[in-house]
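Chain IDs A, B, C and D follow the sequence of writing; residue 1 opens each chain.
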Amino acid sequence: MIVTVKRGADAAQVKRELSGRGLWVTQLEASAGVFFLVEPHSTRIPREALLEVEGVESVAEQPSAHPRVDAQPPVLDVAGVPVGAGAPRVLMAGPCCVESEGQIRAAAEAVARAGGRFLRGGAYKPRTSPYSFQGHGEPALRWLRRAGDEHGLRTVTEVLRTEDVPQVAEYAHLLQIGSRNMQNFALLAEAGRTGRVLLLKRAVGATVDEWLLAAEHCLVHGAAGVIFCERGIRGFDPTVRNLLDLGSVALLAHVLRQPVLVDPSHATGRRDLVAPLSGAALAAGAHGLLVETHPAPAEAQSDGPQALTSDGLLALGRTLGLA
Amino acid sequence: MIVTVKRGADAAQVKRELSGRGLWVTQLEASAGVFFLVEPHSTRIPREALLEVEGVESVAEQPSAHPRVDAQPPVLDVAGVPVGAGAPRVLMAGPCCVESEGQIRAAAEAVARAGGRFLRGGAYKPRTSPYSFQGHGEPALRWLRRAGDEHGLRTVTEVLRTEDVPQVAEYAHLLQIGSRNMQNFALLAEAGRTGRVLLLKRAVGATVDEWLLAAEHCLVHGAAGVIFCERGIRGFDPTVRNLLDLGSVALLAHVLRQPVLVDPSHATGRRDLVAPLSGAALAAGAHGLLVETHPAPAEAQSDGPQALTSDGLLALGRTLGLA
Amino acid sequence: MIVTVKRGADAAQVKRELSGRGLWVTQLEASAGVFFLVEPHSTRIPREALLEVEGVESVAEQPSAHPRVDAQPPVLDVAGVPVGAGAPRVLMAGPCCVESEGQIRAAAEAVARAGGRFLRGGAYKPRTSPYSFQGHGEPALRWLRRAGDEHGLRTVTEVLRTEDVPQVAEYAHLLQIGSRNMQNFALLAEAGRTGRVLLLKRAVGATVDEWLLAAEHCLVHGAAGVIFCERGIRGFDPTVRNLLDLGSVALLAHVLRQPVLVDPSHATGRRDLVAPLSGAALAAGAHGLLVETHPAPAEAQSDGPQALTSDGLLALGRTLGLA
Amino acid sequence: MIVTVKRGADAAQVKRELSGRGLWVTQLEASAGVFFLVEPHSTRIPREALLEVEGVESVAEQPSAHPRVDAQPPVLDVAGVPVGAGAPRVLMAGPCCVESEGQIRAAAEAVARAGGRFLRGGAYKPRTSPYSFQGHGEPALRWLRRAGDEHGLRTVTEVLRTEDVPQVAEYAHLLQIGSRNMQNFALLAEAGRTGRVLLLKRAVGATVDEWLLAAEHCLVHGAAGVIFCERGIRGFDPTVRNLLDLGSVALLAHVLRQPVLVDPSHATGRRDLVAPLSGAALAAGAHGLLVETHPAPAEAQSDGPQALTSDGLLALGRTLGLA
């Protein structure tokens, strides 16, 4: 945003007024007059309110680069469950990977008991190493859905390849785009074409603007809505797996008014920090949580160390008032 | 931590047991046998508990590099106000800079009304530019203390130079080491020699380990205790001023059992995000907040855009149950 | 790597010997004896050399997670042009986007004149915004190839979607996987299946290990080889577009012995820094450069500000001894 | 920088002209007309050149925040040795820590033989842990100077405390401010008051702007000049100790025209990468190197793993054409 000062007006006074409203400004001068450049980490103030400040001549704004995201309603309906501002906070939980029908049924029971509304579980897994287990594919989707249906849970699972989109959309209520694919535009388009609500995880190296634009890709191609999910970004401290960015969550929830969830399991990688960061996420404005749980973490084929036990999930659900 | 597997034991089974307990392990093999290297972002499990796992021969740990920090009690007393686990959450608030006696008195009144226990305000200011206002020095200390006393508030202020330590210690109940000086070891030592409790802000590029070791410097030189304060680290997204790292706060509060505060004002730079991130900080485990407020932000000589108004502070205090 | 000390040996002396060889070690103790944990930023020393150190009992290493990458020859042949250690340094240049037949022919002439061996140009463009120009598709591929052939240049271009792989492979000698798709495993597999050499750009948030594992995905699925390309990672300073990580380039070139290029155009975004960073990249060990150039940067549909003019490219080629 | 477009001019054409000159611009509109906001990672173009672009009405710039830095000559004289643009590249080398008179004399001989002009060595060491060796103090300064004098080398050493400044200034030709103290403004002022040239290392979390402003602090207080030294910033990949930012070095050398050195030893922590990154640093524009070397790295009390041997230093000096 650029604020132009009226000829003859007191620039210092204008600056004070802008600062007082929460704007960080840099003053630039030219023959054409005095300008204030508003820094991006300023409080969001409507242009109209700034035009009323004495001494302000004009306020130049960049048109939004993501009009469809801006036009999203604050609450999205996912197969009958509302997600977003004003709706009850939603718990989505389940194992990293759907390993067997027994496992996912046990998980579903635990999720339901803990107050969860969605069952998560991977059928197609993006794995950093090509030698790691890649998921059971369609049978896993079937087990997931059946287990969810048994307990009145909606299902959410990741889709990795464009050609899998129809199949995944058949079984899952909510299609997840993983963080590694946040800018896989072919996948965003194909998933968008389903006309469904998508869950879009943030890439570990993405700015908020890039994340919003990735959502715009989904919406342009037909998605009914996009729910954002922060799962930790890259940081320089190895004591947590990733660096949970709750400032961005608060920005999405309170300033941009977008539905946003937090995945505290990937964010920290530490089971001993999942509960406090879940509480923090909700306090920051997150509309729900995506949590890893496993009926027997020691048997998990992936991410066992960060999975809550069924009892741990129940305790979390109770602490957060979800169970 | 290195876990050694007994000769003849089932390494895969040991690995499952460790994962099940929340440990991320890497398996290494040598003629001497099988070792598991435990990654730093693992759940903290006592060595004794690991020795009980079947097939584990020994568990090697590095002795703590900061025994005095580890030995701190969970609650520190600052001039009669307890800060830490179990104590009531504490609000410290005030202007970036003590600008006049009138200003700090107005701020003190607002802080007291909002449920604050400490009045903050800068007398000596570290400024990125040498041409910025550097603070009023001793008169500001005097005004700060008098304003605090008037409202039953303790005072906290930053000390910048070793030679100012005695003077600052005379007026302030709690001496703050700013983030730019987190590894100014001469200052840590001098402040430690006062025998007082210190407030140690994290540097924007410091790991948690470096932060703990900086506290160890203070304690070695005689500090009665160190309260940690997270204020945002360096990030790659310009939409917030800094990147608030609540994972580290949760780690300090819940795993390392250290008294820890959060400064949401510097963390975000955005007045519109201070309230949600304050709530998030407390939910993550922070034992209190350090917040910037100004009776008239438009008149502030520094950091006006991120200062809460007196009404904003009152609302915050009420929301958080402090007022 | 974990080094175990012989019972009765002088651990302090072993530590000195390891440090002297360039290893950063952490000492851990257990009933089973003394262990040294070798930090990842240590000089690479063969296990055998460490076993010869007096007092060392055993050296445990993790088996490599990317055996196919490790087995790559140091030089790869791309349609008759060798790329890698020992081969002449290779310049790949061209516009961000193939905009017209005339434009790419002019670019090809400039690239050939500057000593380039490869012509680059986008036919399918990954764009952060869905409203930006996405490339001319197949016609652009045709123009690119024809322009390259005219000047004896090989061609390199990015492939975005699995279904485009055969078509792109028909026209391009070298298929590029862009940074946003570095962990789009479906695309890595499909591109690998062509049996061709691939150019794999690093994602802005990827560690070197993740990059190597992405290459392993390509090789597992049949790629003839993978050339790595560093193009800048996420940093906290806005004065450059990205942060060029030449430490990783040196690691790949000198320690891991992989063919590696650098893209200084995206790394900095600043035309005024392209030349010095090109020289730096080659000095660090890069086997070639991928540079953006445009016959008329003012007319460029994308990335014009970072494109060298034809004269700028010629000057670069001469300075680096390529022209 | 803000560029204002003349009423009635073709904004799209102005944008093309700006892009063609290397400027990344964002277009903003208001009742007052059309503005282009120039992004910080744009090529540096003089304001006058932009005013000549057809359709440009005015160009608003922020006055420089560091006029004294801008006014520095491109070459600084340090006790007879010129450092900066146009001067011969300078090698500064020596051990992390001055451990004994014998050690520093052996190091001095090796440095001289390798073509070095400055002998480095720590007498007062900033140590992350309070339990690490802190240096031998004044005796070490004396040994350092004597060893340097013997071989015609200038000396450079770090000063940690304001009260040590006069003593360090007595022995050292060049006073170093370490990265941890880059924003210890009391120390910058005291060191500046000596009227000497200072070596200012960049903090691991500092932007280029903060670094320049820290230098301005030194100059305001009387420093004869400031030589910048990049030594690696915080990164997310543990395979190097720090992340060497040669983009910033190129910016300082070529755009800001400041004398700048690189410390490849701390940047990587890996002895096996010191040579390639030294070459890269010089190619990027660095005017010299600050390298750690030790006559017997295995005996080093600190940083042994990253120290070159005397032979390694000689090889480096020869490769770089310094010996």
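Here are some notes:
FYI, a residue touches a chain if its C-beta (ideal position, glycine included) is under 8 Å from a C-beta of that chain, and two chains touch if they have at least 3 such contacts.
Everything numeric here is computed off the predicted structure, so don't read it as measured data.
Think of each touching pair as a link: the shortest run of links from chain A to chain C has 1 of them. Ranking all chains by how far their C-alpha centres lie from the centre of chain A, first place goes to D.
Centre-to-centre spacing of chain A and chain D amounts to 40 Å, using the average Cα coordinate of each chain.
Centre-to-centre separation between chain C and chain D, using Cα means, comes to 27 Å. Within chain A, the positions touching two or more other chains are listed as 205, 233-236, 238.
Viewed as a network of touching protein chains, the structure reduces to a complete graph with every chain in contact with every other.
Within the complex formed with chain A, the chain B residues making contact are 16-17, 19-24, 39-44, 205, 207-209, 233, 235-241, 243-248, 250-251, 253-255, 267-273, 276-277, 279-285, 296-300, 304-306.
Chain D meets chain B in the complex at residues 65-66, 126-131, 160-163, 180-181, 183-187, 203-206, 210, 213, 216-217, 220-221, 233-234.
Listing the residues of chain D that touch chain A in their complex gives 1-2, 4, 26-33, 35, 37, 57-63, 234-236, 238.
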